[in-house]
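These are the structures in question, set out in turn.
After this come two complexes, each holding chain A, first together with chain B and then together with chain C.
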Partner chain A sequence: MIRRFLGSRALRKFSRDKLALVSLVVILLYLGVAGAVGFFGFIDREDTTDRIGPDNQVGWFETPTVEQRIHALEFYLDQIDGALGRRDPAKALAAIDFFGLRLASTDPDEVGETLDEVAEPFDELYEVLEEDAFDDDPANEERLGDVEEGILGMFVEPEGGAGRFRRLALAFGTDRQGRSILLRALYSIKVAVQIGLVSALISVLIGTLLGGAAAFFGGWVDAAVVWLYSTFSAIPYIVLLMVLASMFLGSSYEGTLVPVYVAFCSTFWIGPCRVIRGEVMKLRELEYVQAATAVGFGRMRVLMKHVLPNTTHLMFINFSLLFIGAIKAEVILSFLNLGVKNEPSWGVMINQSRQEVISGFMWQIGTATFFMFALVLAFNVLSDALQDAFDPKHV
Partner chain B sequence: MGALVEVRSLVKHFPVRGGVLNRVIGRVHAVNDVSFQVQRGEVLGVVGESGCGKSTLGKCVIRLQEPTAGEVLYEGRPITGLSHSELMPYRRKMQIIFQDPYSSLNPRMTVRAILKEVLTFHRLASGAALEERIRSLIEKVGLRPEAADKFPHEFSGGQRQRIGIARALALDPEFLVADEPVSALDVSIQAQVLNLMMDLREEFGLTMLFVSHDLKVVEHFCDRVIVMYLGHIMEEIACEDLQERSIHPYTRALLGANPINDPDERRPLTVLEGDVPSPYDPPKGCPFAGRCSIASDRCRSEMPPLETRSDSWRVACFEV
Partner chain C sequence: MWAYILRRLLYNIPVYLGIIALLMVALRVNDPVWGFLGKNADQEAYEVKKHAMGLDRPFHEQYIGFLGELATFDFERESWTQQGRTVGDLVADSIGPSLAITVPAMALTTLVALVIAILSAYTRGRLPDKFMMVSAVLGMSISFLVYIIFGQYWGAYVLNDRLGTEVFAIQGYESGLANWKHYCLLPVLISTIVAVGYDTRFYRAVMVEETNRDYIVTARAKGAGKGRIMFVHMLKNAMIPIVTRVMITMPFLVMGSLLLEVYFNIPGMGRALYKAISENDFPVTEVLVALFAGVFILTVILTDVIYALVDPRVRLQ
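The block that comes next holds the complex of A and B.
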């Protein structure tokens, strides 16, 4: 069986399609990340909620503007200043930790001294910036460098694995709350795959069973199922999603993914149900189904063993359509604040980036959109290639 | 001793639904008041053109379809009206071979799986005996043993039909409905499959209802034949008498349409005018009257009863 598969024409045709292979690698990467996050805790939920540094830092290939650099320094100064104002400054200073970035010295006196040293040139720079006169004097650039050195010099970068993790986390910048955009986007892969898998699986299962039973048994069963999906499909899909998702507000399931699953499964099953019903109507008249009846098999056995297994190709197609559909719908739902709660997801990220976009900060919306776009595109390319590969009429 | 299978006034109507409320707005009269007997060991042919209800009749007899009215008796006991579980012993004894070898086998099951499912369901064999039984069945229908692990799409039409026959024979049935078993095959393959069925008939002592639209095949294979037209039996006659003694105008027309083996022989051409009336709205009287050359007014208003002319010869016609 396996050897026959490896030598098959479909596989050869598929492996010639470079684009398809790339999409396959992309999808496997996504699934790998989802598995690493979901099962091995590659990224904790805390990693996606903890501050890693100043808010709205830019990613690795964009040079920060002077304003952004000043803003970052301001953040660090505030942190230290705040700690010094506490009842136990030494302890507060020791508690400063941004993904391993700690103060070199936690002695309040020493830190206070250094702070005083940089405070004056920093204030001057701030004023220059306020007057919009930074570029008038080339010395300003030098002064900024000195201040930066002074403030950042108080911190020690973590080394080894922790250092690499911190640099990775900062690669795509930070959001409005100073959280790592890349880690949030990566964690969202797990959320997306989880929602896609669960919703698509349950929807296809419900659709197959209802559609299959409706077509096979006919009569009132068929009438009931057709009535059910006609009614469901008469309601605009987004409205139904919103109603179902908001139904759970205030219940014990609020904040989990259950409302999302319920909303998706109750709208998505219609597609596979229709398709499978049509196919079973065709299959039940076939002679091997009649032969099974003539042998004496019960109706359920005939349906489960001889009819439904012959609709697996439709189940696969519907599964892949719904998988992508669920991921896209999750983004919409989360954008409307009805979707994922307590966890990052691409929709949540896009929703949060609305204010950032106005001020010209594109890192969050860009990252979330790119991650989603790459997955959806790869999936579509792959399913196209698979269809071509398995189509016997396609050379 | 009575007949193995007896059919009494069998009627099968298919409701036609339509309109907004999906009400029954009419009926297709597929089989109308058909009665006959099949003696043990006999092969009874059923011929007629497409849509005359011969396949429906075959399927009603083994209760693949529920007859609208009438009775089917197996060894004198009625099997119409039996529940699924009451019917189970009869399911073993009555099997069917289908017309289209391309849709009669589940594409996802190997030959072994198909046979195994049937055998284990009726607890006919298990373990080593099961394997032996499968092997011998495959051999009996003239396939090689390695065919067991192949899927249906790996076989030709004739080979698939052999698998269909093996499935029907797996239960060791007494009565077999053959629903046009060779009409979807090439002529050369037809002969092979027919010969196989003849051999198996001898070996298993089968009684058969052989449905076909090909008079030549029926003559070759059957003991007696029923000629059907639009759900009615027109004539019932022994096959050896078919050519010489059959008198119903429809039977004669069918015989006249048969090609002759000799290219030099000439005979008067009998061409039937018109079309088969719709079974949805059958005419009053004899259904064949509209195309019959000797039909009288009586034929058009009254259905002629099936009269016994001699032993195993019955004709439904006023005029002959």
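The block that comes next holds the complex of A and C.
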């Protein structure tokens, strides 16, 4: 069986397609990251929900503007100021920890003193900025540098592995709640792969079994299956998704992946069901099927062992198409507030970045779109290559 | 012919009955009255609301009652969230804005996609074709929502900022032809850009398939030029799947582009449904979905009939 597969025309054709091989590598890479996140805890859930720094900090290749720099300083000052105002300032100061970025000293008096020193020039600069007069005096740039040194000098960067992790987490900036965009986007790979795999697998399985049985047995089975898929497909796809996902609002499943699975699986099985039904209609008339029946195999055995294995290529193609469908539909569900809420996902990120884009901050939408784009593109190329490779009309 | 239409209608009756059952079950999984009133609502208010909607009756009675309403086109149910407005009013108000977006969008998409597909099929295997097909795949790999967000950002915010006047509205809607460009053109363009990739690939595949047929070989053998084969012989035959595809998208015209309507705050059918679902407006949700499904089935039947008229190979038996 395996030898036959390795020597098959389809595989030879597929492996000649360089682009398809590249896309396969990309997909494996994504699966690897998903596995590392899902099984080995490469990124914890907390890493995607904890603050790493000021909100909407820019990523590695963009130099922050003066406004952004002052905004970041303001954030750190507020954090220290807030901690000093607590009943137990020493404890609150010690609790300040942005992915390992801690205060050098947690003695309230000492911190308070340093704070007073830097607060005054900071306030002056803040006012200058408010009056839109920052560029009028070239010395302002230098003063901002000094203030930055003063405020950031109160913190110590973590060293070694923790330091590298922090720098990596900041590489693509932070979102509106000061969370790491890169870590959230990487964690979303796991969510996307999970949604894609589960929805596509179950849908293809249901579709194949129902479609195969319908075409093979005919009669009332066929009528029932055709009725079932006509019914499901007569409600516009997006409306059905909304109705099904909204069934779970208010229940304990709200915000988890369960409504997403249910909505996708019950809409996606129709495609493979139609295709496989059509294919089995053709297959069941072939001689080898009649031969199997003549030998005396049961109907069920002929269907499962002889007919359905010959539709494997359609299952692969449909799986690949539905995987894309699931990832894209997840974004739409998130936009409609019916999707994932407990975990980060590309849909959640894109939806959150709506306000950021208006103010010109592109890091979150850019990162989420890029990660999603690469995976969906790889699957698009793979689907095309599979269709080409399995198409007997092509030489 | 009429017998064929009648048969298609009869065949779809059980399908529609199934849809209504599915819809009613799905909307009753979570008690809609609790969902609307909130978990801490007064028991008495709950009973009153439930009785008024007839939700305390057994399911089969509700089922028959709802079918009766649909069959007699009785859309007098009052919305829960918008006092004094019936479902019929809502549909009457929101169908216009929906059509104002979807009809031009569909026309533009089909036109652009056909032109690109013809160019692509004409230069098959060469650079323009490859370029267009790669762009289509690249474009298809980006989420619809990203197109909408950036479309609004560049089309409304940045453009208005650069030009100093408001060319496109950031969101909202006003009726009237004079306002159309201001409110609807941007959503129409966005929806065209998104849809054109899918359509182009489909139309190109149709035409490429036609090129392998015998009549093309015949035409070539008798010495017809490439352009003549393309536009006189091939396009005519390729029209059948193209017309089918356009017809299939017709029901979505009525539904409107839900995402665009929600994002741009255009008071169409899609947004009406979205609002009804998210605000737990049960009577509106139920009727709207049932209506969409009905329109969908009718267009599918219409497609079959037109298909049978256009394609002589389809027999009406």
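Quick notes
Here is the rule we use: the second predicted complex is superposed on the first by the 359 of 395 C-alpha atoms of A that agree within 3 Å, B and C clash if a C-alpha of one lies under 4 Å from a C-alpha of the other, contacts with A are read in each partner's own complex, and residues count from 1 in each chain.
Simple rule for what comes next: a residue touches a chain if its C-beta (ideal position, glycine included) is under 8 Å from a C-beta of that chain, and two chains touch if they have at least 3 such contacts.
Note that the structure is predicted; figures quoted are calculated from it, not measured.
By the touch criterion stated above, A:D384 is placed in contact with chain C alone, chain B being left untouched.
Annotation for chain A, partner touching more residues between chain B and chain C: C.
Once chain A of one complex is fitted onto chain A of the other, the partner contacts of A:F297 are limited to chain B, with no touch recorded for chain C.
Of the two partner chains, chain C is the only one touched by A:W227; chain B is not. Of the two partner chains, chain B is the only one touched by A:P309; chain C is not. When both complexes are overlaid on chain A, the residue A:V331 reaches chain C alone and has no touch with chain B. After overlaying the two complexes on the shared chain, residue contacts for A:E287 are found with chain B alone; chain C is out of touch.
Once the two complexes are overlaid on the shared chain, A:V357 sits against chain C while remaining clear of chain B.
In the superposition on chain A, A:T369 contacts chain C only, with no contact to chain B. Once both structures are placed on chain A, no chain A residue is touched by chain B and, in the other complex, by chain C. Listed in rising order, the residues of chain A touching chain B in the complex are 286-288, 290-298, 305-306, 309-310. Residues of chain B that touch chain A in their complex: 59, 62, 64, 84, 87-88, 91-92, 94-96, 98-100, 103-108, 117-118, 121-122, 164, 167, 171. Those residues of chain A that touch chain C in the shared complex are 227-228, 230-232, 234-236, 238-239, 242-244, 246-251, 328, 331-332, 335-337, 346-347, 350-351, 353-354, 357-358, 365, 369, 372-373, 376-377, 380-381, 384. Of all the residues in chain C, the ones that touch chain A in their complex are 12, 14-16, 18-19, 22-23, 26-27, 29-30, 34-35, 39, 137-138, 140-146, 149-150, 153, 157, 251-252, 255, 258-259, 262-263, 273-274, 277-278, 285, 289, 292-293, 296-297, 300.
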